[in-house]
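Chain IDs A, B and C follow the sequence of writing; residue 1 opens each chain.
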Amino acid sequence: MAKSTQLIDNEVFRAFATYTTIVLLKMMLMSLITAYFRITRKAFVNPEDTESFGKGESAKKFLRTDPDVERVRRGHLNDLENIVPFVGIGLLYALSGPELSTALLHFRIFTGARIFHTFAYLIPLPQPGRGLSWAVGYSVTFSMAYKVLKTAWLL
Amino acid sequence: MAKSTQLIDNEVFRAFATYTTIVLLKMMLMSLITAYFRITRKAFVNPEDTESFGKGESAKKFLRTDPDVERVRRGHLNDLENIVPFVGIGLLYALSGPELSTALLHFRIFTGARIFHTFAYLIPLPQPGRGLSWAVGYSVTFSMAYKVLKTAWLL
Amino acid sequence: MAKSTQLIDNEVFRAFATYTTIVLLKMMLMSLITAYFRITRKAFVNPEDTESFGKGESAKKFLRTDPDVERVRRGHLNDLENIVPFVGIGLLYALSGPELSTALLHFRIFTGARIFHTFAYLIPLPQPGRGLSWAVGYSVTFSMAYKVLKTAWLL
């Protein structure tokens, strides 16, 4: 069993594990927020989801889009588009032997930027708040990608 | 070459590799089901995809949305939203040194729940079938996240 | 710190790291292309994004969908659907001890296919150009999945 804990004993990898888990849990939270708005706004997309609100025609009026639901869904998709590269490139970065302090800087800024991005999207805050937080997270992933390519390059 | 097979020699990691591959192949299957419904329902979104069905105006009528196509696409997006966290957190979980039996329990329940979720979405089964299978998979990922944070925590 | 660089010292893993980073950067590029088309076509989805173009009713006309924007977004989602399985299964494949030449063949074909797919989607090229490049990438991931399951199988 020793082998399985080798990576998790490495401090950079532990930091990666912590921040990746936090940011993936944050992304999963978007599903719950979507469900919350679908139920409170009574705005569903699947006919079978409206059956508890009545039968036949009376249930059909709940098959509609709602601005708040759509906003959360856009935030969720934006998370997928940005957190997937962070997790993939971040894993390779954590294995490329960075200094702990440099790695922590990357992970902390990305995680902070994505949490801010979610608030900026859902409240919503005026631009360029959301745009800037997106760009900060994007730049962190780009910086890690540069380190990975510099260390591992084998084409 | 020995190094590259260290992880794959670990039983928990082998179980993770098996179930992750199964669940990702299941997700990839959604692309084929979408293509099947697009072709049989003649419902496309890109003009260049309809050219084999005729030219000009006669092809335009195939640029439309179809309820069956949209249903598969929603199932596919739901897979992305749930399987991405499973793969990311599950990898860290597999490296955090869990008991093989506990790990197998997590991987099996998640995989079973997502396969059931796909059937529940596509048939479709009456609610709360789909909702419950979604919640079961979500809870498994949450439980693995807890173990990762307890083992690796370094903020 | 030695441990953290073990994996990255392995040639197959270095190749995986290189191609995964390239293909994830390519996916991230779709965000910039979407932003470019949203700004040049003046087609936005969030009211707060149109405020720099005027206030009140005059800004509302920019809340619309545009065919070019939607095309890039479909390409981005197709990337997510196909690159996520590649990264997940490819990581397990790289750890399953394949020959370097075989692994390079897989990674190169997948990366080439997805870059071609993006051009085929955005130009757009006539079918079956896009369809074939999608199928090639899909097949590569499937071939890696077969190797992973053959090596790691533990159900």
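Note that a contact is a pair of C-beta atoms (placed from the backbone, for glycine too) under 8 Å apart; a residue touches a chain by one contact, two chains touch by 3 or more.
The structure presented is a predicted model; accordingly, all values stated were derived computationally and were not measured.
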Superposition of subunit A upon subunit B: rotation angle, C-alpha, nearest 5 degrees: 120
Proportion of interface numbers common to subunit B and subunit C (over half same, under half different): different
Rounded Å distance, subunit B centre to subunit C centre (Cα mean): 17
Subunit A: positions in contact with at least two other chains: 7, 13, 77, 80, 84, 91
Contact set on subunit C toward subunit A in their complex: 1, 3-5, 7-8, 11, 13-15, 17-22, 24-25, 27-28, 30-31, 45-46, 48-49, 51-52, 76-77, 80, 83-84, 87, 91
Of subunit B, residues touching subunit A in the complex: 6-7, 9-10, 12-13, 71, 74, 77, 80-82, 84-85, 88-89, 91-92, 94-97, 124-127, 130, 138, 141-142, 145, 148-149, 151-155
